[in-house]
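What follows is a set of structures for review.
Okay, so subunit A shows up in both of these, paired with subunit B first and subunit C after.
Presenting the complex of A and B:
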C-alpha cells in the first residue's frame, strides 16, 4: 500500500512540482477521463430509474426526483416543493401539466387540487439506487438463457481456438517441411482480409452445413485465427529443440510431445490467446447476429440489441444489462492482464 | 550393452556434406570420445547415432543390426544434451520418470528405478525440485539420471560439461568416468576440449571437417599423431611447428636443416624418409620436450629469444621467437630465472620430434622405432 501511494504521488521535482509533473499528471488525467468516463457514466446511469434517465439536463449521480404513489393512481407521481401564493411552501405531487401551469395536490390532502405556475416549484431530489433495474431483468427477460448461450459459445470457442491454433503453431515452429514458409505466410496474410469480405461466403458454408441457428455456427468459423497461430508460433520458437529431441529419446510420440512438453511450456502465450479469444467471442456481435435468428439462441450482445425497440427503448434495463455483460470480460482482463504483457513481451523478443 | 558400427556414414544437408564417410567401430563397454574443433561434425555424428538425424548414406549398426531406419526411441540409446534439456515444468522425479512412463512401465517399478538412479547420483534430496531451482552441476546429474533410468545400451553425451565452470567440470569429469566404470555401458562422448578427451576416453576419435583424422587411445594419439592436425590438436600447450628442409636421408633417419640460422641439427630424426633432399617439411616438437641447455648427442639445438614468460610455480612457460620469426613455446618444470628479451639456447631430443609433410594433409613421416604408446587404436 505504501509503495502504491509512493508510486502514485511520485514527482520529478523534489518538494515542489516540476512542469513535467504537471504535464504527465495532466496527460494521465485526460486519459483517465477519456477512457474511464464513459464507463463510469454507464455504470452510474444503470442505477438510475427510468424517470431519472429521461431528465434534462442529465445528472451524473443517480440522484433522481422523489416520487409518491397515491392510492388510485397507477404511476408514481413526481414530488415538488411548491411556493404557494400565500408565501408558504409545501411538498406536492404533480397530477398533470398544461403549458406553464401544473395541477398539483398535497399527498396528505389528495382531494385539494392547486394550480401552480411551474416557475414557482422545484423538484425534490433524493439519492436513489434503482436496483430494480438489475433484479427485474432476470424476471422480465430470459437473461439466464442469453447468459448461458454467451458463456457456452465463449468457453467452447476458446478451448477449440487454443487447441487448433497450438497444433498449427507447433507444426509451423518445430517441423521442417516443404512450403512451410508459404503456409505460414498464407495464414498470416488472411489478417489482411476484412471480416466483412468473407461474411457472405462464411454464411453460405455455415448454412450448407446446417449450422444456422446453432451455437456451433458461431463457434466453428471463429476457431482458427491467424493472430493466434502467429502468437503461439513465435512463442514456441523460443522453446529449445533439444527438449523435443530429449522427449523423442524418451519414447514420447509426437502427440505426446505436443501435449506434455509444448503445451505446458507455452502456457504464457496460451493465456494471452485465451484472454483475447474470450474477449473476441464475448463481444462478438456481427457474426452471431447473422447466424442466430431465433431469440432463444441469442447471445447477450444480441439480446442487448434486441432491447432497442423500433419505437421505444427501455434504457434502464438496457444499461443494467450492458453492465452485466461487461463484467466477465472486465474480470478476465483484470486478473489475467499481467499474462498479456509478459506473454506479448516474450512472444515478441525472440 | 552394445557394440556400435559405422560404415561409410555420410550426412548431407542440401548441398553441403557435413559428414564425409566415417568408418568406426565402438566395442561393447568402451568409452569413446569424439573430439574436434567446432563445426567438425562431431555433434552431427552423435545425433545420427542417436537417431535424431537421418543417415544420408552408409550404414549404422548396433550389435550387428542395421538401424538406419529405426527411430530414436527404438534404438535403446540415451542422450545427455549440452543444455541438459530438462523439462522445465516437471520436477526432477517427473523428468526422470517421463521416459519410463512412455514405455508403460508400472508405477512401482518407475519409483524403484528413479530412486536407485537418484541415490547413485546423490539426487535423493532434490527429487521434488524443478530444474530452475537446481545448480548447473545438479542439473547435469539429473540429465544423466534421466539417461540412466532407462538402462540404455549406449550412452551418448553431447558436450555435457561445456556449460559448467572449470572446477565443476573437473569434478563432473571424474564422476562420469566413475559412472562408466560402475555401469560398464558403452559411452560415446562429444567434446571440443582435448583435456576431457585425454582424461576420459578409452578411445579418441579426432574429427575435422566431417572426416576422421585419427582414431586411437589417448596416449597413442599423443605420441604418434598421424598428421599435423592431430599433433596440434592433442596436447596442451600446443605442439611447436617449425618449417625445415630435408638435408639428407640415411638409414638412421632424416637429417634436417632450418632457415633459423642457429639451428644445430646434429642428430638425424629417426623417421623413415623417402623424400628428396631439399624438400620442405614441418618439424613438430612438444613444449615439454624442449630443454634450456646446449644440445648433446642425439639432440637438436636452437637459439631463441624469450618474448614473454609465465611462471605458474610448478611449471614455467617460455614464449620464444626464432630468428625466422617462428614462435617456440618451451615448458619447464619448476621455476626459471630467465628474463624477457634474453637469448637462450634450447635443445630437444631428436627422437621426440615429429616430421610432417608440408601438404594440406600434413601426414607424419613414419617412425623407425615406434615408442611404447599405450593401447594403439
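Presenting the complex of A and C:
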C-alpha cells in the first residue's frame, strides 16, 4: 500500500499527489465504469439463462436456479430450499404448481410428494454459465450464413479497397500524366458527397447493375474511398523516386514496380487502411439495409437488427449474438490499438 | 499491362492506374448525385427514370409547404419538419456536450498519468463498436427490467420505461451517441494537446502563471483550430445520424427521435408507396446543409491542419 502510494506520487516528479491528480484519477475511474460497464453488462448477461434474465432486480453474475433431473423425468426440475411444518428445511424439487401451492419432492426420496405453500420455500442458486445461449444460436438461426455473409463482404471489400486505392495513390504520387492534380481534386471532392445523400439514386444504379440482394451491391460502392487514396498517397510521396528509376533501368514494367516495390514499401499505410476498411465494412448498416432485403443475404448487423424486433422475448439469444458480433472488432482493437489511434491522430480517418 | 505501357508511354500509364478508382467513383458517387437531381424534379412512385413524369419544383414545394415554419404540424409533410427540428436539436445538444466531454477527457489524459494508454483505449473502445451493437447494449440496459431501473430501485427511485417516453427517448439518443463517438474526438484533441510545445508551459511556470491562466492563455488558444475542426466534424456526422438511433428507438415513440436520414430512408424504402422524388428532394436539403459545413471544415483545415474527414465509412 505504501509502495503503491509512492508509485502514484512519483509520477508528478515532485512529492505528493495534489487534488488535481486525485480528481483526474477519479474522472478516469468514472469513465472506466461508464465506457466499459455497459459492454461488460452485455457480456455477463449473455451467459445467463432465460430464467435468470427475467429476474428483477438482476444479479450481477450469471447465477441461475439449481436444477435436478430425476430418473424418469425428461426435463430438469427447479430446486428449492423448503421450510417444512416441523421446522426442518430440506432441498426439494418442484413437480408442479397450482396457485400458491406447489407439489414438491425430495430427490433422495422420490416417491414421497409434499404440498408446500410457495411462501415457505426459496430458490437454490448456483453459479451457472448458460453456454447453451451460444451453442443454440448456431442451430436455431442461420447464424453461420450471416457470419459468412459479413466475413465475405468484409474481406473482399477490404482487398479491393487496398488494391484500387493503392493503384490510384501510386499514379497520383509517382506520375505526371497531365491531369494528376485534377484527378486528385476530383477524388478528394467526393468527401462532400456522403452516402446518406445519394441513397435513392445509388439504389437505382445498383439495381440496374443487377446487384440488389447480392453482396456485390454492398462491396462495389465501397471500394473507392477518398480517405484511402489520400492516406496512401501521402505515404507513397515519401518513397524516393530513385528506387523506381533503378527498377526501370532493370527493365521492370510499371506494374511490376507497383506490385514489387511500391506495395511492399507501403505496408504500414496499407495496414492502417486495411484495419479501418475491416471496421467500416463489418459495422456497415444503412447501405446493406437498403440493398440486402432477403434474409439469406443478411449480414450479422442486419440479422441482429431484424431479430431485435422479433426476439425481444428471447433476449438470451439476442445477447449472445450481439457478443459474437462485437468479438472480432474487440480482438482487432486489443491487438492493433496502436495502429488505429495513430491512424486517427495523423489522418483523422474514422 | 505491358502492351498498354508500350502504347501509352510511361507517364501516361498513370491514367490506367487511376482508372478503376475513377470508374467506381463515377458510377457510385458522381452519377448518383446527378440522378439525385433528376429524382427530385420528377414525381410518381416508379424507380426507373424514364417512367417518371417531370414535375419541376413540386417535390421541393411539397416539402416546404407550411403555414408556419416553426410549427411542424402546420406543414403538409409534417414528418419532414419534425425530423428537421429533431436533427437540429440533436446536433446542437450532442455536439455541444460531446465536445465538452471530449475536451475534459483529453485534458485529463494529457496529464502525467499512470496507464495513460490503457485509459485512452477505454474511452476509444466504443467508437469501434457497430451502431447496431451499441443500440442493443443500451436497449438492454434501458428496458423496463433493465440494469438502469434496477440501480435506480436500489437508490429508492422508481424508474420508467425510458424508450417509451418521448422526452427520455430523445435524451437517451443524445447520450448513447455521445457514448459511442466521444472517444474519436478525444483522440484528435489529445493529439492537438500533445503538439503544444512544453517550453511554453515551462516559461509560464517561471512567471508564476496560475494553472487557470495557463489554460486560458496557452492551451485554449493553441488548441482552438483543433477544437473548431472537431466541432464541424461532429456536426457533419450528427446531421447524418441514423444507424444507432434507428435500432434503439426506431424513430419513436411517435416521431420523437425521427431524424432526417431516417425520414429519407422511410420515404424511399419502407413505405408501401415509395416516393423516391420526395426522398431525393429531402436528400438535396440535407446535402445543402452538409455542403455548408464541409466548406467551413475545409476553410478551417486550410489553416495548417491535417485533413480530417466528415465521412465515417471511407
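As a convention for this text, the second predicted complex is superposed on the first by the 244 of 350 C-alpha atoms of A that agree within 3 Å, B and C clash if a C-alpha of one lies under 4 Å from a C-alpha of the other, contacts with A are read in each partner's own complex, and residues count from 1 in each chain.
Assume a contact is a pair of C-beta atoms (placed from the backbone, for glycine too) under 8 Å apart; a residue touches a chain by one contact, two chains touch by 3 or more.
Remember, it's a predicted structure, so these values are computed and weren't measured experimentally.
Applying the stated clash criterion after superposition on subunit A shows that subunit B and subunit C can sit side by side. Applying the stated contact rule after C-alpha superposition, one finds that A:246 touches subunit B and leaves subunit C untouched.
In the superposed model, A:207 lies in contact with subunit C only, and not with subunit B.
In the superposition on chain A, A:255 makes contact with subunit C only, not with subunit B.
Of the two partner chains placed around the shared chain by superposition, subunit C is the only one that A:175 touches, whereas subunit B remains out of contact. In the superposition on chain A, contact of A:264 is made with subunit B only, not with subunit C.
Once the two complexes are overlaid on the shared chain, A:27 sits against subunit C while remaining clear of subunit B. When the two complexes are superposed, the chain touching more residues of subunit A, out of subunit B and subunit C, is C. No C-alpha atom of subunit B lies closer than 9 Å to one of subunit C in the superposed arrangement.
When both complexes are aligned on chain A by C-alpha atoms, subunit A residues 248, 253 touch subunit B in the first and subunit C in the second. Only residues 1-2, 5, 10-18, 20-22, 24-25, 27-36, 38-39, 47-49, 104-105, 108, 111-114, 117, 119-133, 135-141, 145, 147, 149-150, 153-154, 179, 183-184, 187-188, 190-191, 211, 229, 233, 236, 240, 242-243, 247, 261, 264-265, 268-269, 276, 279-280, 283-284, 286-287, 290-291, 294, 306-314 of subunit C touch subunit A when the two sit together in their complex. Looking at the complex, you find that subunit B touches subunit A at residues 47, 50, 52, 71-73, 77-79, 81-83, 85-89, 98-99, 102-103, 146, 150. Remark: subunit A residues 240, 242-243, 245-253, 256, 260-261, 264-265 touch subunit B in the complex.
Here subunit A touches subunit C in the complex through residues 7-8, 11-13, 20-21, 24-25, 27-28, 31-32, 34-36, 38-39, 41-42, 45, 54, 56-58, 161, 164-165, 167-168, 170-172, 174-180, 183, 186-187, 190-207, 209, 220-230, 248, 253-255, 258, 276-277, 279-280, 282-286, 289-290, 301, 304-305, 308, 315, 318-319, 322, 325-326, 329-330, 332-333, 337, 340-341, 344-350, going by the rule given at the top.
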